[in-house]
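Structures for review follow.
Look at the two complexes coming up: subunit A is in both, with subunit B in one and subunit C in the other.
Moving on, here comes the complex of A and B:
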């Protein structure tokens, strides 16, 4: 079957399409990451939940806003100080407590408690300085706001312009205030830089290999719980492939067996299969999903954290719905093929019906299986998001669906890193699968209308 | 003609019974009473609910009883919202769904047809290629991302930044057309397009953008295929202009598959887009169903599923009939 396909004209046409080859290369890259994660366990689900940064730290090498930087620095100092105080009160060794604060590779500096205390005091001093800077800037911003509003009311015919300051004066005032705000921002910036330097001495960035690992963990920022978005996003590649390939394999298998049998044997087989097909396609997709949510609620699969078994509801939902399309297509093709001369010739020689079906008919529909496989992978990856939103999706491990479903809360807080990374990675994978299935269709089935 | 419709109906009745059978069985896999009352209900509570829905009877009796009640939409009372029937809640959920699904469907179909006509007219040229690349790119982004970002940039951000132009509500729904009780008795007709714009236009825009990618690609493929047919070559040979061929000869024939496709998306009118309704908090059919599922409101779920499946089957029949009507080549046998 495969050998014959390799010699076919369609495959040569497919290989000639440069863009399809590039897309295949990208799929290979994604697949390599999926293998690294899934087989070699480079990233474990535990990595995905561990705290690596303060909550909602921006990614993509973006510098956070001044307020965020202030908040983050205070967060670092505060948690070390809490542990020091706790150890002092209980008269216990502070080291194990400080080790709890480690952000994976980024541990609290190996300094004696007195030295740490000293650093913290220093940090609070600088922090107070920065705080004053913020107060000053807020006052300036208030003034600026008032002046802007006053300027705006000059244009309002209802207000009495005599009570307002003249326009020219206001303009000059605003300009002056703006410069002052800028200057004060500069001051805050320098205070924060000093503060961050102290923080780096309390909890220094790791160096060498550990440093590289830590950079990888942090370069896409963190979500609400402070866990790494990059780890989550890359782990999800494995989940996407797992969901896509398992679903597509099962559905193509069921679809091909039923479709080929229905078309080739006809009669009651055909009637039963077509009844099943029309029944399944008459249930609105989302309604079926909703019913499955209800069906699986509280069952073992709903509560288990086993990474494979917890996906059973998801596979059930996909397999119930997705085989229908493949079945229809294969049935149509087999109906055509079984009237061809070579099938009649095989029958006249006296081959059995099963032998003809497996040896002569199904191999000639292989291209459709490949096209459908590719389309089903796309369908599964995209639907996983919707299922996860409805509560039927991936549990116990990260997935793009979970990241995007979380996205609404994050976006409202102006944190686009989680939804952004998940969308971009998913977009890439779905896009290349789209390109490959288009190219497959063009190469093997040029007359087909999408 | 009527014989054809009747035959289609008769053929689809076993299909419908099959769906109801599957769905009723699926809904009873988990004990509905336990789902609603928690793990340890008192025997009295249990008995009351079981009597209410006839759950104490054998499955086959329940099945027959349920099917007998479908024509009257008599699905019992809601468990969660005592005193309201499922039918009431069903009917109440229809207008919100329709008020954004109808415009979405119409706008998506019209814009997609225009875009695909442009694409097919310039086929093989940069315009066509750009449009098709855009369509593929658009198809590769998740539906949820469109909704979340659309809601953020369309409604949340303008409000947060206090722009003077922030026409959309972040979420919610208010009736914008219908009859309203007037103080002192009687009722009056009211119609407020601004309310519609506030609550429904943004979901419509998001829905149209999502549908555009798939529709445009399909319509273009249909049109391009039509363009290779013999009658187009004949028209060219007799000297008709390209524009006339595209808009008069080709479009008429291409409309057959297009109409079929639009018809197949019709159930969307009733089921609404569950996701759009959830995110924009529109109390339509989809959101009501999801709420019922979260509340474990068994009679509601069962009733909604039955209605959705019926609507779906009716549209399938309607599609076949219309297909036969617009295309005389299809034989009614």
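Moving on, here comes the complex of A and C:
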């Protein structure tokens, strides 16, 4: 079978397409990640929900503002101090309490409580300094604001210009204030840098292998709950692949069996199958999917604890809906093939109808199965994301749909990685599958001239 | 390892006087469906009551223009298509409505060679697989000898044995047609319907394939029903010829008498349309006017009446019966006495 496939012209033509080979390589990369996550459990669903950073921490390409840095540093100091105070009041050992604060690999430094207290006091000092800097800067900004408004009033014909400062003076004043704000920002920046250094001593960054893992977790920042965006995005690859491949396999199977049977046997088989096909395709598919998924509400499969069981409603909805396209295509092809002379020759030899169907008819429609498989993978992934976005799809594990749904509020604050990573990864996957489907079509469809 | 099968695949039995195949009043109508409820709105009259018989070892040509039902006749005779009415007797046994299982021994005896060498071979099967499945299905030779038998078959049709592992797309049209012949021969048949086996080939290849068919016919004592629209090929190849027009058999005569004794105006017109490769020889040219009537709604009288140069008033109302003449000739025409 493999040897026969390797010899086929279609496959050779497919291999010659460089862009398709590149797309296949990308699919391979995605697939490798999906296998690592799904089979070797490199990332577990728990990893995706655990807190790794303060909430909405900016990631790669996003420079945190001074206010954000201040907030984050205070968050770090505050939570350590709370635990220290708590331990002091209750007279208990502080170490287990501090271990609770660990951000996965990033634990609180192994220092005696007195030393930690000392560091925190030092941090608060620097923090106050930074706070003063912020106050000063706020005043300066207020002045700058007033002056800008005054300058604007000069252009308003209704205002009495006599009460206002002259324009030249105002311009000079604004320029001076701007320089001061810059200088004060520089001071805040240096104070914050010192503050962050102290924070790093209290809760140092992990080094070595743990450091690399921590960098991977944090390089896209965190979402509202402080969990890692990158982990969520990569875990979703596994979910997408799982839904895509399971659905596509089942749908291609159902579609081929029904389509081939309908075309080859005709009569009432054909009528029944085509009635089903036209009925299914007359219902808007998103509505149908939503209804089918809703039917599983409150059943055994409505669970968040078992990641496989919770996907069963999705599989069911997709498999009941998506076989229709494949069925129609295969039926058309089989209708064509069954009239060809080699099928008549097989009849004249005396082979049974099932033998002819399986040996002479269906193998000549395999190219359509390949093309439909890759198209169905795309369709299933997109539908999974849409349904999850609407809150009907994947439960108990991350999905691009959930990330997009959560991320839409964050985008206003320039926190684009939650929506961005989900969209980019999904776009990439759908794009490469599209390229591969196209190349398959070009390679295997004799009527398609390239 | 190669152990050539010396004896012929089939010993011809020419002693028995009984015809191998008798076709009685064969009718094939294709229903035409239409309308909202997909009702049958009429029939295409592809074959209208054709009767003939074929003796063992004989080659019969069927000639006629496109759409006259000659291919349908060939396919009905070997029961690739069910016929509407009529009888097909093979070696005296009625095979018209045998079930799939009862038909099995006759399937082995009757084979077909198709017109289009490009669609008559499954593109997914190698030559080896193609021949092997038929041989195994009918247990033609013991399993241990299948490979030798395949090699023998391939050599018989004039190909090299190393083509066994190739796929059909690696062959030219003529080679494919040879493979089609090999497949038909694989089950050691007695009777072969050749459905325009050379009309899709180049003229030079046509001659090769025809010569091959002739050799094989003699070698294996085959009986052939040779469907063609080329009277030259039929004349060269066949013992008798059946001329069909719009699903009707209009004339049957021996090929060696074709030029001298053809009586039906349609046969003469067909003969006249063939160029003679002698520039000095002249013969009256009959150019047919008009077009073939629709088989969906055939005329009441003689189907050829609309185009016939010898048409009489009677032809338009009454269908002429097929009347026997000398030398087994039969003709259906009012103008012939």
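In this text, the second predicted complex is superposed on the first by the 433 of 450 C-alpha atoms of A that agree within 3 Å, B and C clash if a C-alpha of one lies under 4 Å from a C-alpha of the other, contacts with A are read in each partner's own complex, and residues count from 1 in each chain.
Keep in mind that, in the parts below, a residue touches a chain if its C-beta (ideal position, glycine included) is under 8 Å from a C-beta of that chain, and two chains touch if they have at least 3 such contacts.
The shown structure was predicted, so the numbers you read here are calculated from the model rather than taken from an experiment.
Visitor: Return first, second, both or neither, reflecting whether A:68 touches subunit B, subunit C, both chains, or no partner chain.
Guide: In the superposition, A:68 contacts neither subunit B nor subunit C.
Visitor: Could you say whether A:13 touches subunit B, subunit C, both of them, or neither, answering first, second, both or neither?
Guide: A:13: touches no partner chain.
Visitor: Look at A:275 in the shared chain and tell me whether it touches subunit B only, subunit C only, both, or neither; answer first, second, both or neither.
Guide: first
Visitor: With both complexes overlaid on chain A, does A:363 touch subunit B (first), subunit C (second), both or neither?
Guide: second
Visitor: Contacts for A:419 in the overlay, against subunit B (first) and subunit C (second): which applies, first, second, both or neither?
Guide: First partner only.
Visitor: After superposition on the shared chain, which partner residues are touched by A:328: those of subunit B (first), subunit C (second), both, or neither?
Guide: Once the two structures are laid over each other on A, A:328 reaches no partner at all.
Visitor: Just to be sure I read the superposition right, which of the two partners does A:79 touch: subunit B = first, subunit C = second, or both, or neither?
Guide: neither
Visitor: More residues of subunit A are touched by which chain, subunit B or subunit C?
Guide: The partner making contact with more of subunit A's residues is B.
Visitor: Quick check for you: in the superposed arrangement, does A:51 touch first (subunit B), second (subunit C), both or neither?
Guide: neither
Visitor: Can you list the subunit A residues touching subunit C in their complex?
Guide: 4, 7, 9, 340-342, 344-352, 359-360, 363-364
Visitor: In the complex of these two chains, what residues of subunit C are touching subunit A?
Guide: 75, 78, 80, 100, 103-104, 107-108, 110-112, 114-116, 119-126, 133-134, 137-138, 167, 169, 180, 183-184, 187
Visitor: Over in the complex, which subunit A residues touch subunit B? Could you list them?
Guide: 275, 278-279, 282-284, 286-287, 290-299, 382, 385-386, 389-390, 400, 404-405, 407-408, 411-412, 419, 423, 426-427, 430-431, 434-435, 438, 449-450
Visitor: Along subunit B, where are the residues that touch subunit A in the complex?
Guide: Where subunit B meets subunit A, its residues are 12, 14-16, 18-19, 22-23, 26-27, 29-30, 35, 136-137, 139-145, 148-149, 151-152, 156, 217-218, 221-222, 225, 257, 267, 271, 274-275, 278-279, 286, 289-290, 293, 296, 301, 304-305, 308-309, 312-313, 316.
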